[in-house]
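Okay, so here's the structure we're looking at.
When the chains are written out, they are named A, B, C, D, E and F in that same order, and each has its own residue count from 1.
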Amino acid sequence: MKLVTAIIKPFKVDDVKEALKSIGVQGMTLSEVQGFGRQGGHVEVYRGAEYNVDFVPKARLEVVVDDGQLDRVLDVMTVAARTDKIGDGKIWVTEVDRLIRIRTGEMGADAV
Amino acid sequence: MDSGNAAWMLMSAALVLFMIPGLALFYGGMGRGKSVLNMVLMNIYCVGIVPLVWVLGGYSLAQSPSGNKFLGNLDLFALDGIGPSQDLIVVAFLMTFAAITPALISGAVADRMKFGAWAIFVPIWSLLVYSPVVYWIYAFDAEGNAAGLLNTGLLGDIGSLDFAGGTAIHINAGVAALVLALLLGKRRGWPNNAIPPHSLPLVMLGTGILWFGWFGFNAGSALGADGFAAQAFMNTFLAASAGMVAWLIAERIKDGHFTVLGACSGIVAGLVAITPAAGFVAGMSGIWIGAIAGVICYFAVSLKYKLGYDDSLDVVGVHMVGGIVGGVLLGLFADPGAFADPEVFEEAASFPEGLFYGGGTELLFEQIASIVVVMVYSFIVTMAIGLALKAAIGLRVDEEDEIVGLDNRLHAETAYNHVELAGKSGSGFGGSVDVRERSDSPTSTKADAR
Amino acid sequence: MDSGNAAWMLMSAALVLFMIPGLALFYGGMGRGKSVLNMVLMNIYCVGIVPLVWVLGGYSLAQSPSGNKFLGNLDLFALDGIGPSQDLIVVAFLMTFAAITPALISGAVADRMKFGAWAIFVPIWSLLVYSPVVYWIYAFDAEGNAAGLLNTGLLGDIGSLDFAGGTAIHINAGVAALVLALLLGKRRGWPNNAIPPHSLPLVMLGTGILWFGWFGFNAGSALGADGFAAQAFMNTFLAASAGMVAWLIAERIKDGHFTVLGACSGIVAGLVAITPAAGFVAGMSGIWIGAIAGVICYFAVSLKYKLGYDDSLDVVGVHMVGGIVGGVLLGLFADPGAFADPEVFEEAASFPEGLFYGGGTELLFEQIASIVVVMVYSFIVTMAIGLALKAAIGLRVDEEDEIVGLDNRLHAETAYNHVELAGKSGSGFGGSVDVRERSDSPTSTKADAR
Amino acid sequence: MDSGNAAWMLMSAALVLFMIPGLALFYGGMGRGKSVLNMVLMNIYCVGIVPLVWVLGGYSLAQSPSGNKFLGNLDLFALDGIGPSQDLIVVAFLMTFAAITPALISGAVADRMKFGAWAIFVPIWSLLVYSPVVYWIYAFDAEGNAAGLLNTGLLGDIGSLDFAGGTAIHINAGVAALVLALLLGKRRGWPNNAIPPHSLPLVMLGTGILWFGWFGFNAGSALGADGFAAQAFMNTFLAASAGMVAWLIAERIKDGHFTVLGACSGIVAGLVAITPAAGFVAGMSGIWIGAIAGVICYFAVSLKYKLGYDDSLDVVGVHMVGGIVGGVLLGLFADPGAFADPEVFEEAASFPEGLFYGGGTELLFEQIASIVVVMVYSFIVTMAIGLALKAAIGLRVDEEDEIVGLDNRLHAETAYNHVELAGKSGSGFGGSVDVRERSDSPTSTKADAR
Amino acid sequence: MKLVTAIIKPFKVDDVKEALKSIGVQGMTLSEVQGFGRQGGHVEVYRGAEYNVDFVPKARLEVVVDDGQLDRVLDVMTVAARTDKIGDGKIWVTEVDRLIRIRTGEMGADAV
Amino acid sequence: MKLVTAIIKPFKVDDVKEALKSIGVQGMTLSEVQGFGRQGGHVEVYRGAEYNVDFVPKARLEVVVDDGQLDRVLDVMTVAARTDKIGDGKIWVTEVDRLIRIRTGEMGADAV
């Protein structure tokens, strides 16, 4: 199994969620984060003064998927999260050794 | 005016002014966290621009004795002839009413109206809709006799009653809110997706300020600190209490729980409904009016789902419907006889009785007729202003602005920046959604006509 | 009543009403983020139900001249015979006191009381405890002579004094708070786990509103805008200031830092203590009373840890203890001679002097006796009501409700929904804890009797 | 004083007191989430300590007829000779002014001043700076004739004018704010890093309370509920509205957007500027004064970036500059003739006219001279107090305190604890930054002299 | 070493923490997240209208453990977090290549 | 590629960010967390009562880096985040299988 972590624009969360649901993903976990990237270095004007803004709000989605599902999930996420503007974010994949569903104690692929 | 009456009127004017930040919190708390500042600014902007318009022309159009039934003249332009004197207190008192009325409308346009369009809408609406309607209901000729279309009697010789602005303010603003909601269309995702109040403590605080201020609104409309004001005060108090309890009971039965938003909505519904009646009913009538309004408005706020207009924060369901309930019930409960004691209010004797107090149906019909006239006028003229603005500069923000949030996109601000993870440098703006995006869509261009 | 006195009384009534949302914020901010709405609703519910109960029967029981020392009759049922007149202002003024008194109790039951039980408790307590106690202290016979148990003198011929409700309101509510805290038991995890105020800015705002409103509470109790009111105003001001400074110094010495919660608690302690004394002491006495109350209440709020009752938001430590401090100190500081100037308050001459002003210990003993009587009565009757409710429907929510939070479980609301990560759809309710859980425990069942 | 005037003065005193929590929210919301409590406490502490100082000595120094031009004597120590009477209302009214003036200063020292130093600074400044300046402007001799340095005429025989404290309060506090900002130095990271308001809804609420209270401040300064008060009320209203609209327009043109912070700042700028003029100008002058102040202050708040002093929340830019604008414009707009009607204010006839109303430049020069005198005095004496405190105990907190946040480090509190992830146990303090750190740096040591 | 990530019900955090402490786990990191899972699709009624609620609040615990401790940790967590109701959550395990204690610079198992 | 996860003191975020920028790291993701560790067990006094405080606020930084960069990144982070007091935090490293830049669809090292 794999853990897919995606850092995306907050207002894209819903599109990505719907896209994942449509290909049968049944669970995911969402958190608020702040991102720093190429987008960085922007200057804001407020009350007559200029400021550098480094971190911008992003959403972080974590989805554990079966190895077989992985490519579809990545494709679908990439498309749904894209706005073609800088700051669209990243997706990274790490290996999951074990997975447990707490309620039932099921393990591995059954627990997804 | 003696010093005691003047003291009460000074205080009442201050109280009504205080209602405007109260309303900003009431609406702002009920709306989204990403457009709360837009809502707040729509409200407080009204108390910036309207007073200027009011002293220049609005007051004169609404209150000068012009000799006709429809509109005042401009004789009092820039308060001409009104030097330093206690008369100014009444001008200031009425000015607060003029300021809060368009602010009431703002709740219906939450999350999607261009600020520039709102900024132009407010003064125009104040002059074209608010001032005439006030004239119809509250104009007096030079001898002090009723002179307006609606206080001289539409259907017969008795005029309709509106103590503190149920028809002139609440129904009027409620209809305008409906018009703008129709013109703007629904928010993205509404009604499928929940848009819960972003801060109910602010809603409660706003409601508390509104109630507090409403004593100035209603009891101040007695224009003195007499028995008349005392009864208006008591009615205002009881109607709000009864409205709250009635709404709580209704929602407990239908939805299964008592809510803070329900309690607050019930209070406001009761206050709206007692507004036209506050100085014309006595005894326990205030309880009846408040309770009936509480229940009816509870049901009315669901209408928008059935009819499909996105009255975001229930201006129509509470202010328009509550105003109608109060105006119509006044046709039943009006009891000028109770006030006849000359120490209380001599002229009360000349007011008409309601159905329950021996007056027959005449007042009831006058009330309904007046309400219909104001609704039709407000609907048509607000629609005309709205359509003109839509054609000229557009009413609705871009879809992206709506998604990202109006505060960030229109006002370059975010309401809350609690978290400062990065101790030293600029993550302060971190609470905002996609601040950086503006590099793609420069503010200077986008901000035009907002 | 002349227009000036009427103006001040109208304003005072409005000010006391405004204290109730202030109290809701004071308590709500001091409590948990997951039950702040429950706290708010317990408070504002009081100003919904109590006014209805008050105009129907409570006022009559508390104020009608019945000819006995213990309770009024029902002659003034539904304000019978009180038409539109300035008399209504006093009824409304007293109505705000009736409403805020049970609201004070709510702080002790935070986070664990069934809302349904509270909803029933409030009107019953108001009729069975509040109205009688008010009668004992403030009743007058038809000739205007003191007629109640406590204002006619328990131990001799001089009655105890209570200017604006130190005994009738603060001690009374504080004892009832203690009783409910005992009946409900401790919150889960208390006292081992910290339950810090979820929003101190709200606490500060609530305190500010309370202080502002307290001028109406105390100076309004002069029932006019005279020198009597002026002195009550000044005393109220100084006692709050001194209470704040005294508490700050005490906590700086004992705990090592000045806190906002300390400053706010000190203000309220000073205000509570000056309440019975506001119109009976002069000169610098207000400073002494406030400062002493600030220090004593600072120590009193720690009592609960030693004695083991969970008075969640320190109603006992501040209102009961502060009320006792004020009531007893009045036995020392009462100085009616200072008021004897007929322009200020003619009848003042007939009031008893305190120990420091030549009156001996008589007033002191009367004060203590009155306080004891009210404490015993309030304890017993509140306990009876509480036990009856406990037997009938239960007082305390389920453990799971307490863990998840009362707002979500009882009221289907969450106070704050700042974050809207999912732009388009329903994560708006995301601020709530385990909203979904309700599928397991249907609201319709669980909500019963809450 | 008749009951009507007394009612208005009681109310006005309560309104000005209410401004202090309003100011605490205005500043607190504008500042950082990690030092909001420190800001709040600096504000409310003023209304704790100053009233005690005021009744003991400050009032006597500021208002007793001493026979000289510079300072009162101590004849009224502890309000000697002022028994219960309506005179106390004026003492209390002036006491609220004394309390709010040092609170105004606090906005300039945000995020970096030792609380202990502030606690000592406030009473000393009140006695050494505030009381003398008030004497110069508002002292009267036993016959009721102007007796102070500035109200007897510096340059000729007409005195300068200051209706409600433009020079005595706003300029005075603004200069002191500048001095402390200079002594304290810049906050870490300022001006490179943005420090956005942590809660704009609180800023708006604070502004609303300030405006509401300012009616008491200005119209209450008429010391009665007459036509004079009515005009002051109207001017206050219009200047705030015009200030808001002017600021909004200026920022829309220069920065590209309308902001809530801009609207609020404009309101306050208008209110500050009208303060000295409220009872001396008539007609549309209030609009001009407010609008001019709105634009000038908009530009003035950017000065700190150019000149390099860290006036954190713009006390200098709004209060000092706004006060100067108002004081100078009064030299142009003063129109006592308008008030001459004996029913309004008989003595008005004896006041000087401004340049636009036929008075020539004399008043203008007197105004400027008075402003300069107050600025120089306030600068020098505040600097002396500040330097003495710096030498004695230090003014500025440690760098680590500033990084971690003053609330946690100085006051052992955190403003917001919304999240309670761990249901049962102690993560309640979780909102705080590095609470645990204190194990390394024991509070008992660090808290000294804070 | 392994990184154990658990998505659990917020009010279970304390039980899990105590359980972990009792078996000698000395550190963990907690964050607020929102979860979407089988629990999803619930309908809320508020102010007379019905809504779908997709994401519900969850807590996310991260614990780095020695390989030898892993099974005990998983057992204890599963038990402590269980309520037997839907939405109890998931636990997943990933491999940790390196671990550093910042204060001391200790690495690997010593740094746990 | 590796995912470096660091749990640090909140007021050190800026120092760490600047240090990483200075060695050419172009992106990172920040979140708020609460940490429990050896620091734990502290006693607070508030309003006359004593409390145990278990969780303290921490910041969590995630950085995906090329294998070659890893050592430098770890060195730099460790130094920048250190205050030499208890509670300075941990850094752990996990293997990243895949990385995608959403905007361009670039994969692997190009996407960093």
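To be clear about the criterion, a contact is a pair of C-beta atoms (placed from the backbone, for glycine too) under 8 Å apart; a residue touches a chain by one contact, two chains touch by 3 or more.
Model, not experiment: these values are computed from the prediction.
Between chain pairs A-D and A-B, which one is joined by a greater number of C-beta pairs in contact?
Most contacts of the two pairs: A-B.
Look at interface C-F and say which pair in D-F, A-B or A-D is its repeat, using the rule that over half of the contact pairs are identical by residue number.
The C-F interface is reproduced by A-D.
How many Å are there between the centre of chain B and the centre of chain D, using C-alpha atoms for each centre?
The answer is 33 Å.
Cα centroid separation between chain A and chain F, in whole Å?
Roughly 18 Å, centre to centre.
Between chain B and chain E, tell me the centre distance in angstrom, where each centre is the average of that chain's C-alpha atoms.
Whole-Å distance between the two chain centres: 49.
In whole angstrom, what separates the CA-based centres of chain C and chain E?
Inter-chain centre distance comes to 44 Å.
If I count partner chains per residue in chain E, which residues reach a count of at least 2?
10-11, 17, 30-32, 34, 44-46, 51-55, 85-87, 94-95
Quick one: which residues in chain B touch 2 or more of the other chains?
Correct list: 2-5, 7-8, 11, 192-194, 196, 199, 205, 209, 255-256, 259, 261, 403-404, 412-413, 416, 419, 421-429.
State the interface residues of chain B toward chain A in the complex, per the touch definition above.
403-404, 412-413, 421-422, 425-440
Mind pulling up the chain D residues that touch chain C in the complex?
Against chain C, the touching part of chain D is residues 2-8, 10-11, 13-14, 17-18, 20-22, 24-25, 28-29, 36-37, 40-41, 44-45, 47-52, 55, 78-79, 83-89, 91-92, 95, 115, 119, 199, 202, 205, 209, 410-420, 423-426, 428-429, 443-444, 447, 450.
Inside the complex, what are the residues of chain D that reach chain B?
Against chain B, the touching part of chain D is residues 2-5, 7-8, 11, 15, 32-34, 188-189, 192-201, 204-205, 207-209, 211-212, 215-216, 219, 224-231, 233-234, 237-238, 241-242, 244-245, 248, 252, 255-261, 263-264, 266-267, 282-284, 287, 338-339, 341, 343-345, 403-404, 416.
Under the touch definition given earlier, write down the residues of chain C that touch chain F in their complex.
Touching chain F: residues 191-194, 196, 254-256, 259, 261-262, 298, 301-302, 305 of chain C.
Quick one: which bits of chain E touch chain F in the complex? Just the residue numbers, please.
Of all residues in chain E, those touching chain F are 1, 3, 17, 26-31, 64, 94-103, 105, 111.
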